[in-house]
Structures are given as structure tokens and as C-alpha cells.
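Just below sit the structures, each encoded as C-alpha cells.
Two complexes follow with subunit A in common, the first pairing it with subunit B and the second with subunit C.
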Partner chain A sequence: MSPSVLLLTLLALSFAGYQTGKRRSLKIAGGKISELHSLPSFYGLYASLWCLIPPLFIVVVWLSLESSWLANSVISGLPENLKVQSNSDRYVTLNDIKNVVSGTTLGTQTDPAILNAAEHYRDLQQISRGLLSVIAIALALAGIYFSSRRINKNHRARNAVERVMTGAMVLCSTIAIFTTIGIVSSVLFEAIQFFKSVPVTDFLFGLDWSPQTAMRADQVGSSGAFGAVPLFTGTLLVSLIAMIVAVPVGLMSAIYLSEFASPGFRAAAKPALEILAGIPTVVYGFFAALTVAPFVRDLGQQFGLTVSSESALAAGLVMGVMIIPFVSSLSDDVMNAVPQALRDGAYALGATQAETIRQVIFPAALPGIVGSILLAVSRAIGETMILVMAAGLAANLTFNPFEAVTTVTVQIVTLLVGDQEFDSPKTLAAFALGLVLFIVTLILNVYALHIVRKYREHYE
Partner chain B sequence: MNSLQERDTTLTKAMNKAINLDSPHAIKIDRDYKQTVGRITSTHARIVCKNVHVYYGEKQAISDLSLEIGNHEVISFIGPSGCGKSTFLRTINRMNDTIAGCRVEGEITIDETNIYDKGLDVVPLRAKVGMVFQKPNPFPKSIYDNVAYGPKIHGLASDKTEFDAVVESSLRKAGLWEEVKDRLNEPGTGLSGGQQQRLCIARTIAINPEIILMDEPCSALDPIATAKIEQLIAELREHFTIVIVTHSMQQAARVSNRTAYFHLGRLVEVGETNDIFTNPKHPLTEDYITGRFG
Partner chain C sequence: MFTPYISLENTVNIMNNLTQTSSENTRTLSTFDMVQKSLPKRRAAEQRFRLFGLMSILLGLIVLLVLFADITRKGYTAFLQTQVRLDIYFDPAVLNPNNSPLDRSSLGKADYNALIKGALSATFPDVQIRREKNELNAVMSSGAAYELQARVLDDPGLIGKTQSLWLPASDDVDMFMKGNIDRNVEESGRRINNRQLGWLDYLTADNRIAKHFNKTFFTAGDSREPELAGIYGAITGSVLTLVGTFFLSFPIGIATALYLEEFAPVNKWTDLIEVNINNLAAVPSIVFGLLGLAMFINFFGLPRSTPVVGCLVLTLMTLPTIIIAARAALKSVPPSIREAALGMGASKLQTIFHHVLPLAMPGMLTGAIIGMSRALGETAPLLMIGMVAFIIDIPKNFIEPATVLPVQIFLWADSPERAFVERTSAAILVLLVFLISMNGLAVYLRKRYERRW
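And now, the complex of A and B:
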């Protein structure tokens, strides 16, 4: 029985268990459900959980141990000439055997010893799977029997089921945490690998970025320089331009929407603004590269400025437009949430609308506004597609917005596309950059939380 | 149904009686003042309301209300919930402007200026007619800044010493100085409910208004805080004209010279507080103050 069939069987059994448990509890109650401790469906769930969880546990453990056991016993059965091998050869042989088993050989002559081993492997696997099926189904049946034996009027099935459910919820909530830990540690370990060949200080403070390393010994040039400062300044420059666009425009539109616009206009304009956030970034990217960048270049020429055709300015402008809704929509929400009583208090003192907005509503909404801006900043720092298409790839160390710059995210993309070996500093540099990016966004988020909390004490 | 009709008849009778009253106070009652029993005029009137109607969209909240409020007078508005007393209060400093769909007809003048004149600027009006709300609403700023806010936007003080003086005198008048003088930089929202309400009164006093409107200023407070506010009103009446909306008849009796009884958007009866509570002329007023309904 293959694992998927086994799984379906177990599910069917657990459904049967549900029915058994429910029926048994009804029989015990004798028509008076109120005499039972729990509702009949809880007895049903109790039985079905007993029938499902132990076999599933066994299946998971069994399958995870099976492959290594199979490998060991097959390898030990091989003739002497194939047996004494290095680790990687052993891996290749094992792969050959598995390919024969699954029937995906590439038509080449196969060593008869391998064929034998494959036969052996298949037999062993069949035995193991058969055994597993028998054990799992037996456990499921035992579960049904055991649980329905335990059902009586005072049995607390609901509490037991709820305990299991709580456990399941805890498990789900930890998945996100463990995923984060997994991502961080994978980035961290690769970055440490990178820092073994390139010193941390060179990476963080070096002014040259040219990550081309020789892949073969006979390649010329390209010793590789991994000073990331040009990337940091590029990221900073583009984000700065984006924020210069997004913060004033976003805040002004938020103030207009929450304080001046009629409810009807607000209801129509807000979703329209939010559409901006729904446009795929790749669309923004070619809009920036094909429309805005040439326009900026031509405009610059009219003023006698030299603007390269891929400029930080064009990319930053478009990115700024992209993050307007992050600022405006959230800020509008928080300003709307400022209680009417505060507005009334200010108006009753003879404050004008402008004074009320500037001195009462804005400070009261400040934590939310700061939060929205920081959210926009981390979005800007992490943005990739627009920059790949419109900001350029040249790692110029410059603060001139008319020149092409490159950013951390763009370099991660370029380092990881195309031919590569995964242990060269060139590839590993991507992980180091990712780590820096992660740390910066983390600091931004922590700082945003700090500001929000600090002002919340003052303002609520 | 029957009793309602009865009441209407008595209402009309009482009105006729009021119109025919020939007491020295009952100055020429013409059509304008037909629905109210008692003395709606004042000898030194500052706020004069003539035939005021207030609508929220289609719904009429106040109908045909006429009333004069005198200088340095404390007048309280009483009546069951939804009778329009808060609505009327808000029309006096045009705070009803902030409510969408609110419309005022008729005439309200303060010191002979029509406050519903098209060209009128509400900013000086509201500086002159301060307001304290039902729920304390201090700004999310420090105690000092809460009080200094009004003087700042109206340019009533120019340097630190002047601001300090205004803040101190306002807090003293509001009876809060002793309690907060050591923590003026702490947020106003951290005070207790009663302290917050006195802070709001101090904030209103700081802009030196001539009239203070209070919309149920004690309804969110405990009895001790209420007593403090009432004592404060008794002190403030020397400097200000005070209009107070209240649900507590005892409070109205304690703090005000005159009392006005509202019912379903109409001003039913107005008169000296003592008269209203000891000798109500209108049956609706009598029912309300004796606790038969409301």
C-alpha cells in the first residue's frame, strides 16, 4: 500500500471512528443528550482523533527513518568493488539504484550488481510499506475500540478534544516563527561562509563593488571586489527620492481625504488610490524604464544637465508613486480614528480647521503616521523590480540622482541569475547582502514599534 | 392616547394663561413667544434667540424657540433625553456647524451681532463663547499645553512669563492648580475624570471667554468630582455668563438662577429656578420635575 492510499484509508477509518463514537454516546445517553458531559459530536471527534493521530505519528516516523535504513541495507549488500567508496560516490551509486527502481534509467548499460541491488531495494521497500500499512491500520482500529470503550456519561470528551485543538493551534502559530528562524539561519550561515573569504570590514566599508570572480583558473582579470558601500548609498539615494515623493503627497492626500473630502468622495477616491498598490511592480518597472527615464533624460537635457538613461531619479520617482498608497491610506485611517471629541474641543476654543489639523489631529495621529511612513521605507528598501529595470547595474559611488546607481536588492538578483557555483564568494555575497537588508529592515521595524509605543503613552 | 389629548388641552390652556399673565416681567408677549410659559426675556440680555428652528436633515430638532439670556446669569437647560437642549446649546457658538446636515433658521444674536450672519467668522465667536463637553476631552498634550493652547492660537500671550501666568491663573480659577502644579508637563489624559473636566474648564477660561456653554459637564463624573465642578460654577458666575445643560434637576437647582425646561424640541417653560422647582406653571414641567416621566 502506497503512503497516499494508506492516508486515505486512515481518513476513512477516522470518519468511521467519528460515527462510532457519536452513535455510542447517543446510545449511552438513551435519547437524553443533556445527561452526557459533552455533545455527541465531541465524542465522535474524540474517537476519530484517537483513530487518526497515533497511526499518523507512526507513519511519519516510519517514513522518515525508512530511507536511511533502506540505503544502509542495500549498500551493505553490494559487491566489494562498489562497497568501498567515498561518501559522494556512495551517493551516486544509491541514486543509480533508485533510478532503476523508479524506472528512469537513461538507457545506458547498467551494472548487473546495481540491477540486483535495485531488486533488493524494491523488495525491502515493499516489505517495509506492507508492514507499515498493517501496523497503522491496526493502530487506527485499536484507537476506535479503545476510545469507544472509554465513552461513558461522565467522560469529558469536549475537554480532551479542545486540548488537542489547542495543541494544533500552537503548532500552526509556531510554523511562522520557525520559518523565520529557518530563513535567518540559512542566510546567516551562507553569509558567514562569505565572510570567511572576504573580511566583514572590507564588505561593509569597501568602496569598490565588482563581484566578478574567475570561475575557471584560466580566466583573466576579475579578482572580485566586495565593498558594498556603493550599494548602500544607491539604496539610500533611491529610497530617499522615493520618500521625498511619497511622504508629502501621501500625507497631503490623507489629510484631504480625512478632513476635507465629503464621505462620498472619500469612498470613491480611497479605493482608487489603493489601486496604485495593486499594480505589479514589474509594470511599474517598465513604466519607469520606458516612459519616465527617457522623459527625465530629455527634460534634463533641456536644462543642460547630463542625465544618464538609467537614473536614480527616474527609478526613485516611480517607486515614490508606488508607495503613496502605503502612506496615504494608513495615515488617513489613523487620522479618521482621532475622536471627534478632540476636534470639537479645538473648534470650541476657536481654533481654525488648519490649526485643529496641525496641532491636534496630526499629533494625536502621529504614531500611526510614523508607522505608515516606516512601512513605506521598508517597502522602498526592499523593492527590486523597478530598480532592476530603471536604476541600472553600475555600482557608482555617487549621490547624484542623475546617474545610474545600483542597490542591494538589484545586486542580489544579478548575483543569483545565470551560471554560478554556490561556493564562490560571488554567489555567497548575495547572502551577505540579504543579511544586511534583513538587519536594516529589522532595525527599522523595531524603531517604528518603539516610536509608536513611546508616543502612544503620551497621546492616549 | 386620551391622556395625551388631555395634556395638549392643558398645554393650550396654560399657554393662554401665560399670554394673559399681566405680571411686570411679562413684557409684550407677541406671536413669537407663544409656545413658552414663563419669562423668556432678560433685563440685560446678551444672547437673544428669536424663533429658532433647528433641523438635522429632514428631522426637526428645535422648533420655534425664543429666549433671552442675561449677563452674568447661570441658566440651566433641563428636559428628557432627545429634547433638543444640547442641540440648542451647540447653536449658541455654532458648534453645530461640525454636524453634517444641520440647519438653523431664525435669529440668534450675541451682543447685537447676528451669529448666523453669512459674513461672520466663527473663530472670534467661539473664542467669546467657550464650551465644555459632556465627556472630558483634553488634548493629548501636557497639562500646560492644554491650557496654553487657546491663548497661543489667539495670541493672548507672547512670552513664557505671560503664558505661565495665564496657565496658572486659569488652573487656579478651575480649582486644579494645587493638584497639578508639580506635574504640568505630564499628559492631560493621565488625570482622573473629574480633573480632566476641570482641565477642560481651565482650557476654556484661558481664552477669556464671556460666555461658557456646558453640555452635561458632570454626567461622566463621580459625586465628589461633580460637587467640585458645581462649586466651580458658583465661583465662575461672577465673571461669566454660563449656560449649562444637565440631566440632574438637583444640579440645576443648585447652580442656576434660571431654568429652562425643554420637551420634544420645544422650550416649554422658563423662569427663576426657585419658581420652576417650587411652582411649575406648565403641566409638562410639573410632570418632569416631580419625576412622573422623563
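And now, the complex of A and C:
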């Protein structure tokens, strides 16, 4: 029985459990529902939970252990010449076997040992799945039997069901924490592996980035250079250009929308501006690469400048446009939160609207605005697709916006897309870059959120 | 409350100073006159400030318009495809050379290209040299043969008959007919040579070449040949991924929001969860891709390039958005509803599931749709988990390799063929239509079910 069929069977059984539990409680009550502790549907739910949760638990544990057990027993059954191998060869062989099993090789795989192993794999998998189905269904039936035995007039089914549901909610809310732990551990472990072969100082302060690894030991230029400084400067340069566009435009839009605009204009312009944030980044990337970059290049030529066809300027400009709504909507909220009394006070002193905004509201809202700008910076640093498509791959150590630069995110993508060995420094370097990216954005986010929250409390 | 007073004081001080110094210099000018005198300047500054504000909003909107216009201009032509009408003779000598009983496998293997070549040389009988013949055959797409194959397999009775059929032209011809290849450029500089130009002119004069609705674009998977490439595979992948993401993230998001909003005690643990959620909302999406690669693929051994991994990664990515929206929706339900239900003897969970949740549902759905529309446009994390592979087949379930619409756009944008530019733009248009309708649905839901208490 395949897992999905098994799942459907379990669901059907749990529905049957619900009916059994409900019917049994009704029978016990003998028509007087008020004599029961809980409503009949809770007895039904009680039975269906008993029927569903234990088998589901078994299925999840079983399936998560199954693949490694299958791999081990299949590999140990291989003939000797395929057995003595390094870790990566083992992975390749296993992949071949799995491909034969899933039928994606279309008969191109001819090695009899592999075919035999695939047969073996299939048999073992069949046995394992069969056993699992029998156990799970038996457990489900036992659950129905056990729970309906326990149903009586005083049985507190509602409390039991509610306990389970509260537990489920608690479990769901911890997913956020597990995600963070998952991110940190997955990035950190690979990064530590990387720092075993490349010292941290070389990585953080090295000026040369050319992440190739040697195919043969005697190859020319066999050792790749993993100095990430050009990536950091590239990221900074592009983010800086983006912020030069986004901060003034975003702030002025926010000021106009929150202070000057009529309600009608505001209702139309605000969502229209927010469309900018909703456009997928890959669309911006295409726009930057095919429209903005050639335009910038031609414009530069008119002024006698040599602009690379993949310039930091084009990518940064487009990214700035993308970030405008982030700056504007957050600062808009922040400025709306400034108490009306401050505005009234300034008007009473004879200040014009613009003077009030510049000298009263803006300073009062400054912490919140700084917070929103920091959030936008973190967004710019983590932006990927625009840069992958428009900023290029050349790791130039330059602050010239007309040249091509590469960024941390672009390098993560180029290092990890395509087939790769998982333990080469080239792949691991991507995780080290990911670690840096995560730490930097984390610090920016925590600080910015802290400022914004403190600011909000200040005026509440 | 500190900063604003400072600045107000400053302003007042400055004004006082101004009054003093000027009254010392020109005794005749009173404060009133001074204010009068400065008014035009201040009014101009006011106008300027306003104008800057308006201009920056307009700038944003203009860029938006330029973006849409540019993509539309580049992409709308892809919805039409150049086709050539050929009189195909379904030659039994080619399709069934041994005169054996017809069966699908032998019919499937027949040389359908020969039929097209035959039809072409019947139309242009004076093309005899081998090289010129190759040039002539290059006018047609390699997909034309597949179409003939499909027709014959559909109806073997065609064999021996002649039919006049519209068949796809190659991408270079398509580009030429759409005006993207200039005939005035020197011959070596364009992908259609002079001889081919002559044939195309003949076909045009004979009404044998025309642009028809590009059905392939909506029904085919990816292909190396632009005229055979379609977005159906990518859309299927997107739908699978999004459906999975929705069914994972919506219940989990609601459960989390309910717990945090209705049950959680105020303590360090809850605080930690909240900080985590707010933080995850701002973590770069590519980091989620790294998580997916290291955790789901390498550690748990889930299959690469498949929607199931895509679902998991996008679920983790959209959860914060959904949770934050769901909490806002729960907050907007007034406490009196809860108190009334509790007063009637409902348990806490009954109160929430029977009364609070239904009232908060529209707001939660709106948040979920916005989260889904973000997930639909997401590319970077899916590159990490291998959904960039070149996949021709239409995915049928969650564990088959698939790609999604934004990734397809990325792949096509990287392709050198000129014809892929318009297809990329067209795919973007389709993606934007999906996004706009999703956001429109969210706005509609908000407007329709918004309640003021």
C-alpha cells in the first residue's frame, strides 16, 4: 500500500471511529443527552483521535527511518567491486539504483549488479510498506476499540479532545522556533566544514574570489580563492544605490500620502504603490537585464562613459524601485502614529504644513523611520533574483557603479545551482556566505524591530 | 515626547533671534512686517515640498507603468505563432513501407519529417541543391513532424490522403514575420538568408503563411526550441506547489495565531516565539532555500527538484506572513463576542472555534492569499532546491521533478534565442495575471466581509 493510499485509509477509519464513538455515546445516554458529560460529537472526536494519532505517529517515524535502512541493506548486498567506495560514489550508486526503481532511466541502465540491487531494493521496500500498512491499520482498529470501551456517562471526552487540540496548537507555534534552529544549524554546520579547509580570516578579509576547485591535483590554479571582500563590497554598492533611490522617494511619498493627500488620492495611490512590492523579483530582474541595463549603457555612452552591460547601477536602480513601498508604507504608519497634538501645536505657532512636517513630525518620527530604513536595507542585502539576472558574476573589487559587481546572494545561487558534490569547499562556501548573510540581516532586523517597537510604545 | 519639543523650542528661538537682530538693524520693521515679508518665500517652500512629494509618488507609478508597458510590448506577440500551410500527402510508402498491418509503435517511429520535406519540395520544385534543400527545410519547426505524428496516430485512415495543414514555422521565421528580424540588414547579420527571404515572400503572396493563436504556449512543457516551448508544465508545477503550501501553511498558521492570541500566557517562551516569527518574516528568502537544501534534501533525503520540497520551503517562508495576518484578524474580533459565548457556558475552545474563528476567517483568508501570492512569485529558494532543472514532462504528483512559473521565466530569460525574449515576457504576463487576480480576490474578500464593530 503506498503511503498516500494508507493515509486515505487511516482517514476513512478515523471517520468510522467518529461515527462509532458518537453512536455509542448516544446509546449510553439512551436519548437523554444531558446525562452525558460531553456532547456526543466530542465522544466521536475522542474515538477518531485515538484511531488517527498513534498510527500516524508510527507512519511518520517508519517512513523517515525507512530510506536510510533500505540504503544500508541494499549497499551491503552489492558485489565487492561496487562496495569499497568513497562516500560520494556510494551516493551516486544509490542514486542509480533509485532511478532504476522509479523507472526514470528508461532502460539505459545496464549494469546487472545495479539492476539486481534495484530489484532487491524494490522487494525490501514492498515488504516494509506492507508491514507498515498492517501495523498502522491494526493500531487504528485497536484505537477505535479501546476508545469506545472507555466511553461512559461520566467520561470527560471534551476535556480530553480539548487537551489534544491545545497541544496541537502549541506544537504548531513552536514551528517558528524550529525553523530558526533549522536555519542556524544547517548553515552553521556546513560553514564550519568550510572553515576547516579555508581559514575564517582568509574568508572574511581575503580580496580575491574565484571559487573553483581542482579536478586533478596537478592542475594550474588548482586551489580556489575564497576571499569574500569583493562580494561584500559588491553587496554594499548595490544596496547603497538602491537606498539612494528608495529612501528619498519612499520618504517623500510617505509624507505626501500621510500629510497632504486627499483621502481619495490616498486610497488610490497607496495600493498602486504597493503593487511595486508585489511584483515578483524575477520580473524586476528581467526588466533590469533587458531594458534598464541597455538604457543605462547607452546613456553612459552619450556622456562618454564606459558602462558595463551588467552594471551595478542598473541592478541597484531597479532594486531601489522595488524597495520604495517598503520604506513608504512603514514610514507612513510611523508618521500617522505621531500624536495630532504635536501637529496642532506647530500650526498654532504659525508654522506652515511643510515646516510642521520637517521640524516637528519628522524628528518625532525619526526613530521609526530609521527602523523602517534598516528593514529596507536588510531587504536589499538579501535580494537575489534582480542581481542574479542583472548584476553579473565577475567578482570585481570596485566601488565604480558602472562596472559589473557580484554579491553574496548571487554567489550563493551560482555555487549551488546545478549538480554539485556536497563536500567540496565550493559548495560549502555557499553556506558560509549564507551564514554571513543570515547574521547580518538578523542583526539589522532585530535592531530595526526593536527601534520600531520602542518607538510605538513611546507614543501609545 | 522629547525630540519634538526641542525642535519647537529651536524654531521659536530662531524666530526670536531673527526679530532681535533685525530690529536692531532696521528699527522701522516690526515682527509683523517681517513675517509678512517672509511669507512668499515660505509659501514657495511649502509648494516645493508638496511638489516633491507628489513627484516621488508619480515617479513610482510611472516606473510601474513603464514596467508593465515594456513587458506587454515585448510579450504580446508570443500569443501568436507563425504557421505555414502545407499540402501534406500522407505517403503510405513513407509511413508504412512494408505494407504491414498498422500498429501504433511502427506508425510512431515513421519518418514524418520526410512528409514535410516532400510537401516543401512540391511547393518549391526548383530547389534541387542539397544545401538549399536544408535551408528550405529549416523554415519549418521540428515540431511540425510531431504534429503530423499525432494526427496519424489519432486517425490512421489519413494514410494515402492529402491534406492542407497549418504547421508551425521555425523560431527564426516566426521572428522574421513578427518584424524582429530586419530584412534590410546585411545577409550575414541576420538569421534568415536571402534565399529563405524569397521563399517566405512567395509563401506570403500565396497566403500560405499566417500568424495564428499560439496554443502550444499554453499546452506544452519546456523545450529547447522556442516555438515548441510552453508554460503548461511550469503552471502545473506552480499549482501543485501552491496547493501543498496552502494546505500546510494555512492550518499551521491559524493554529499558531490562535495559540499566541487566545491561549498563550505572557512569558519568556511566548516572547521568544513572537520574536522568532517577526524575525523570520524578514529573513532573506534565499536563506530558506539553503535550509531546504541542507535539511530536507541532504538530511531527510527528500527527492530533489520536486514540488514536495518546494511546498515545505515555501510553507516555512510564508508562515510568518500568515500568522501575523491571522493574529490581526483575531485581534479585530471584539471581546464581547468571547464573553457572550463563555457566559452561555461554552468552553474556551468552543468559544473560539464556533464564534471567534468564523468571524476572523475572512481576515485570515486575505492574509493567506497575500502569502500565497508571494509564494507564487518566489524564485530564489526554489533555485536552491533544484527546481531549475530542464523538465519537459508535465509533473503529475508531488514527488516528480517539476519547475514553477517564476523559475521558468528565469530559465528562459537566460536562453540566447531571440524568440525566448517574447516568450519570457508572455510568461511574465501570465504570472502577473495570476498575481493580480489573487490580490484582487484578497481585496474583494476584505471589502465584502469587513465588519466594523
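The rule is short, and it goes like this: the second predicted complex is superposed on the first by the 306 of 460 C-alpha atoms of A that agree within 3 Å, B and C clash if a C-alpha of one lies under 4 Å from a C-alpha of the other, contacts with A are read in each partner's own complex, and residues count from 1 in each chain.
The rule is short, and it goes like this: a residue touches a chain if its C-beta (ideal position, glycine included) is under 8 Å from a C-beta of that chain, and two chains touch if they have at least 3 such contacts.
Note that the coordinates shown come from a computational prediction; the quantities given were computed from them, not determined experimentally.
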Let me test your reading of the model: by the given contact rule, A:29 touches which partner, first (subunit B), second (subunit C), both or neither?
neither
Considering only touches as defined above, state whether A:394 meets subunit B (first), subunit C (second), both or neither.
neither
Quick one: classify A:344 as touching subunit B (first), subunit C (second), both or neither.
first
Quick check for you: in the superposed arrangement, does A:360 touch first (subunit B), second (subunit C), both or neither?
both
Considering only the touch criterion stated at the top, classify A:437 as touching first (subunit B), second (subunit C), both, or neither.
second
Output check: A:352 vs subunit B and subunit C. Expected answer is one of first, second, both, neither. What do you get?
both
Superposed model, subunit A: greater residue contact from subunit B or subunit C:
C
Report, in rising order, the residues of subunit A that make contact with subunit B in one complex and with subunit C in the other.
342, 345-346, 349-352, 355, 359-360, 363-364, 458
Which stretch or stretches of subunit C touch subunit A in the complex?
1, 3-4, 6-8, 10-12, 35, 42-43, 45-46, 48-50, 52-57, 59-61, 63-64, 67, 70-71, 74, 251-252, 255-256, 258-260, 263-264, 272-273, 275-280, 282-291, 293-295, 298-301, 316, 319-320, 323, 347-349, 373-374, 376-380, 383-384, 388, 406-407, 409-410, 413-414, 421, 424-425, 428, 431-432, 435, 439, 443
Within their complex, subunit A touches subunit C through residues 64, 67-68, 158, 162, 165-166, 168-170, 172-177, 179-180, 182-183, 186-187, 189-190, 248-250, 252-253, 255-257, 260, 269, 271-273, 275-276, 278-287, 289-291, 321, 324-325, 328, 342, 345-346, 349-355, 357-360, 363-364, 366, 375, 378-379, 381-385, 388-389, 409, 412-413, 416-417, 422, 430-431, 434, 437-438, 441-442, 445-446, 449, 458
Subunit B partner contacts - residues on subunit A that touch it in the complex:
339-352, 355, 359-360, 363-364, 457-460
Sites on subunit B touched by subunit A in the complex:
93, 95, 98, 122-127, 130-131, 133, 135, 137-141, 149-150, 153-154, 187, 189, 200, 203-204, 207
